[in-house]
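Read through the structures below before going on.
Here subunit A shows up in two complexes: once beside subunit B, once beside subunit C.
Up next is the complex of A and B:
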């Protein structure tokens, strides 16, 4: 009890005065929105980095030629089966399940980045 | 029944090469999606990675790219589905998977000993296949 009392006497929290205009939560507490899932989206840079990593680690791909807008079959010289394999590798990386009709359209890096960035379940 | 989940209800009947090609990609996607299950069943985590298995499956499919008859492609797909079913329902064992899919072209008989290096090329080709 005495310990509790001494601890409580010494703890100080910064006092936040709410402005008269609105009571938005202050920016430095924004990381405490624990129950909101709206902040879970990946940032575009993170998506681009991870997509490029997946494409670069594909054994048939020349790492120096990979840029965020490269076309898999025309620029990197892969064939359609390699295209499907890259899409499957992206599915594994981002824990998604891409339906076949969408997967057939993903032909290049920027289409992949667009799709993954707009997917709500991308991990 | 888990065993019949993947069995083909209607026999494949591709009308054109494009349809057969679409079926090949569907089969490839199905196989890739069962890779985590396969790695779990046969404890392959120390032997291969998922991306290596994907490449191995792709190279197996690529062995038959020269085929142009849709009926032959259907037959190859049927055999592929059967093989995938067998693997997923644990009808095979770990050494089957490792020997048939993981090891490279030299297979199980690798040229490791010094005594093997002296053998003639004729014998080495003979061990590999009938036709050389």
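Up next is the complex of A and C:
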């Protein structure tokens, strides 16, 4: 123990000051797998990425017009039935079960991202 | 007369549109329950969409009501006896599998230590 203490006292590590960007805890945890499902919620960026992927892979949608706050019917020119199909695709992607009344109200990417992010069981 | 009826007309149309959307959603889920393989599901989903699109232009409220009722009857007739429900949802296999213990109950971690130790 004494040898260890003397060795440690003589090894000097360079002091790392925080860079100008500032401390960013978020990317450090990206390699940390949380095995308990209690704290394992999706991050907002992950939700946004997956929702946009689902919307972009819809055949009637123009890929370049999709942004995180796009309205399905007004901006992408989709039908109300297409809206239903997109909500079903999101349900399948995130393994959710959205009740019919709630699913009817999801009209835009914004609402979809908020709903999925706030859902406790979003996978 | 026209002012009141257009508001009532629009309200009825909006309610009908919502019923149609919910019917389409339930019918699509049911189609996925019956046609498990994806390529068959895509074909059946296109057929279902064609059926809905064929009646898109109808304007008369009573005809629309009758068609929605007929559609819901067809949906009830074709409902799958064992639908896929997400496990944690009501009806799924994991629903209330591990309920939360009542509050005030907790585990005492004394590892079997007794009082006279």
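The working rule: the second predicted complex is superposed on the first by the 85 of 123 C-alpha atoms of A that agree within 3 Å, B and C clash if a C-alpha of one lies under 4 Å from a C-alpha of the other, contacts with A are read in each partner's own complex, and residues count from 1 in each chain.
Criterion: contacts are C-beta pairs under 8 Å (C-beta built on N, C-alpha and C of every residue); 3 or more make two chains touch, one makes a residue touch a chain.
Note that the structure is a prediction, hence the values are computed from the model and not measured.
Peer 1: Quick check for you: in the superposed arrangement, does A:45 touch first (subunit B), second (subunit C), both or neither?
Peer 2: neither
Peer 1: Quick check on the superposed pair: does A:81 touch subunit B, subunit C, both, or neither? Answer first, second, both or neither.
Peer 2: Both partners, subunit B and subunit C.
Peer 1: Answer with first, second, both or neither: which of subunit B and subunit C does A:89 touch in the superposed model?
Peer 2: Touch partner of A:89: subunit B, not subunit C.
Peer 1: I'd like to know which partner A:121 touches here: subunit B for first, subunit C for second, both or neither.
Peer 2: A:121: touches subunit C, not subunit B.
Peer 1: Is A:100 touching anything from subunit B or subunit C once the two structures are fitted on A? First, second, both or neither.
Peer 2: Both partners, subunit B and subunit C.
Peer 1: Regarding the shared-chain residue A:59, is it in contact with subunit B (first), subunit C (second), both, or neither?
Peer 2: first
Peer 1: Shared contact residues on subunit A, subunit B side and subunit C side combined as an intersection?
Peer 2: 80-81, 84-85, 88, 97, 100, 103-104
Peer 1: Spell out the residues on subunit B that touch subunit A in their complex, using ranges where they run on.
Peer 2: 21, 24-26, 28-29, 32-33, 50-51, 54-55, 58, 61-62
Peer 1: In their complex, what parts of subunit A are in touch with subunit C?
Peer 2: Against subunit C, subunit A makes touches at 80-81, 83-85, 87-88, 95-97, 100, 103-104, 121.
Peer 1: Which residues of subunit A touch subunit B once you look at their complex with the stated criterion?
Peer 2: Within the complex, subunit A touches subunit B at residues 57-59, 80-82, 84-85, 88-89, 91-92, 97, 100, 103-104.
Peer 1: Would you tell me which residues of subunit C are touching subunit A in their complex?
Peer 2: Residues 17-18, 20-22, 24-26, 28-29, 49, 52-53, 85-86, 88-89, 92 of subunit C touch subunit A in their complex.
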